[in-house]
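Labels run A, B, C, D, E and F following the written order; every chain starts at residue 1.
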Amino acid sequence: MIYITRRETFNAAHRLFKPQWDDEKNLQVFGKCSNPNWHGHNYVLYVSVKGEVDPETGFLVNLKQLSQAIKTEVLEKLDHKNINLEVDFMKNTIPSTENLAIAIWNQLQEPVKQLGAQLHCIKISETENNFAEYYG
Amino acid sequence: MIYITRRETFNAAHRLFKPQWDDEKNLQVFGKCSNPNWHGHNYVLYVSVKGEVDPETGFLVNLKQLSQAIKTEVLEKLDHKNINLEVDFMKNTIPSTENLAIAIWNQLQEPVKQLGAQLHCIKISETENNFAEYYG
Amino acid sequence: MIYITRRETFNAAHRLFKPQWDDEKNLQVFGKCSNPNWHGHNYVLYVSVKGEVDPETGFLVNLKQLSQAIKTEVLEKLDHKNINLEVDFMKNTIPSTENLAIAIWNQLQEPVKQLGAQLHCIKISETENNFAEYYG
Amino acid sequence: MIYITRRETFNAAHRLFKPQWDDEKNLQVFGKCSNPNWHGHNYVLYVSVKGEVDPETGFLVNLKQLSQAIKTEVLEKLDHKNINLEVDFMKNTIPSTENLAIAIWNQLQEPVKQLGAQLHCIKISETENNFAEYYG
Amino acid sequence: MIYITRRETFNAAHRLFKPQWDDEKNLQVFGKCSNPNWHGHNYVLYVSVKGEVDPETGFLVNLKQLSQAIKTEVLEKLDHKNINLEVDFMKNTIPSTENLAIAIWNQLQEPVKQLGAQLHCIKISETENNFAEYYG
Amino acid sequence: MIYITRRETFNAAHRLFKPQWDDEKNLQVFGKCSNPNWHGHNYVLYVSVKGEVDPETGFLVNLKQLSQAIKTEVLEKLDHKNINLEVDFMKNTIPSTENLAIAIWNQLQEPVKQLGAQLHCIKISETENNFAEYYG
């Protein structure tokens, strides 16, 4: 079993916000991350897949194809977007780093399988001081 | 003459947008950076000051005081904010990296003087692949 | 199960030194890390916790509270200190990176539980070329 | 059980190339990585070992000895070399990141055992955007 | 006057080698960097340009156009190539970091002018421990 | 004129402390950096030299020789040392980042001249958030 990881980046706006709560309650729980006028991040995404090395190519998976799958399923939907308003797979979800990791996992699990590998871990860093990891 | 630099970070939302143009023209010039629903960045700010070392302390400037000035004049106004909508010193200014560097220079030139040093350079990085520098 | 990690930094002095050995034996085993006049590092600490996402907040744990716990239990005791002389939870312990990781785990296991999560990993890097990890 | 990791770097030339295929087929599968005139990388290698802390020294393993073993078994054979042509332990192996990780594992498993620890993971990064991990 | 910098990366093989010298003399002067079978690097390139901010756009220069110029004039000729054998603008030049910086300057000076800016600095890093800068 | 920079690292203990002041005054001016039991840092040093490229070698200066000069004149005196107590060229000097930059300049100016280049800049970073630069 070998593991290979592709690093990608995207920039997006978001707001930690629960529609069932008023602004005051949101502010109390989420602090300045709940600013109604949004803020944003340079997210760094690490997609790790696992499986066996193909003796024909020496590859677990062709990284260009993996990168293309991440582009189609994740980056084109998130990059330069507002995560609360514009991202179909984050609808009705508080855009915390934790929830982003889980939602990106769901986006990529099937496409990675079609490349002949298994999704192992989604790691996403929101700032240089925090990141979430999800292993399914 | 010695130079000392303090590194700070802030997260903000913005949109490259010229109000005199319609959305189509904005899109044509600014591309996805003009998304009406905003996007955002983890900005990294480097404030460089110059002057002579105080033989009493070995310091050009007390970095805690410099950091406090940056906090008051820049970070509290930009961090977790929408640069287009909420930042007084960026009003009527397209929030490009270049314009941010110049505006932050204007915010800090006087406070740095009051600490007994001269502002030398504002460097601000928007993503890991681009940054602007302004020397006044 | 989701994992979230908080990165913190601190600066400290230390000396690899076993009081039962004389200076010569210490030097032989620990090399220049045993310098009697101390040396020091910018330590980087990664505290990883695990658990389930709270559907109310989208958080596994509130990172501000986690950061506060790390500050109280670890950073205020280690930052700008001499690890051999001044840190209660490192008393009678050789301040190797390995032992630091284990001791910081012991400091944080209970406070993390009180935040509703489980401590998963303490990773601590002493220089850019080495780090230790402890999983309990 | 504690884990400790040593980071090392080396620079090498390589070419993704399968001798049983002609240049056209190699180009089709490996793209520009198959350039017959070679290209190269600054590889970053992380060697992680595991075991128990020796109460005598506070060490899992003496990092200088680990670093020396990596130097002898891996770096002196790879650094400033052509991986396809000059590295005995990569003979008849396509020099993908995956295969490099596995081959370096095989080089280090026994020497790490002789230092009183167990090899845990070989992580090798080819560019800032991809890395492979092998756990045996 | 404002300065803006674009960071790009490329991977290439090279050999420090002077054809007028035999292998022994090359080895004596250039050490292992003269390996006849090549070695390689992940180069990091910083292209800095200067000029005035266009009040229409807030830009000194459109970074997408700058990035495109770097791609056409530099990256497509260097990325995944052998610098000694395949790069027209490095012909008959020892591929030291210094000479690369100067040659890339010559490639970009005119194209940057056509974008309405002035080339200010080419900085190129060969490893994490060394880089060259050229200001024309 | 070309510029080339070598990056080196060292770890040391220090204390911001003026012997003419009592501990209380030191604490008031220098804060926790004045801890009588010391603290320490992983310093990162960038030595930049300038001059013309030697057409014989393509080098401004042989980086191995530059690195050796830095090792002899700076690293062997600072690495794993107590800057206040053990470093001859920092005697009677408050070990601020500013003063370190100036003192390292004085150590290296002559040796760099003997390598056929001119010292251009000493940049030294004490933490990831601050650095000093000295140009003579």
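Everything that follows uses one rule, which is that a residue touches a chain if its C-beta (ideal position, glycine included) is under 8 Å from a C-beta of that chain, and two chains touch if they have at least 3 such contacts.
Fair warning: this is a prediction, and the values are worked out from it, not measured in the lab.
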Checklist entry - What chains do chain A and chain E have as common neighbours? => result B, D
Checklist outcome for this item: Under the touch definition above, the chains in contact with both chain E and chain F are B
Next on the checklist: Per the definition at the top, count C-beta pairs in contact and tell me whether D-E or A-D has more.
Outcome noted: D-E
Checklist entry - Between chain B and chain D, what's the gap in Å when you average each chain's C-alpha atoms? => result 42
Item to check | Between chain B and chain E, centroid-to-centroid distance (C-alpha), Å | outcome: 29
Checklist entry - Of all the residues in chain C, which ones touch at least 2 other chains? => result 128
Item to check | Chain-chain contacts as defined at top | outcome: A-B, A-C, A-D, B-E, B-F, C-D, C-F, D-E, E-F
Checklist outcome for this item: chain D partner, complex, touching residues on chain A are 1-8, 48, 53, 56-60, 63-64
Next on the checklist: Please output the residues of chain F touching chain B within their complex, sorted ascending.
Outcome noted: 16, 18, 29-31, 93-99, 101-102, 128-135
Next on the checklist: Using the touch definition from the top, list the residues of chain B that touch chain A in their complex.
Outcome noted: 9, 11-14, 32-33, 35, 37-42, 79-82, 85-86, 127-128
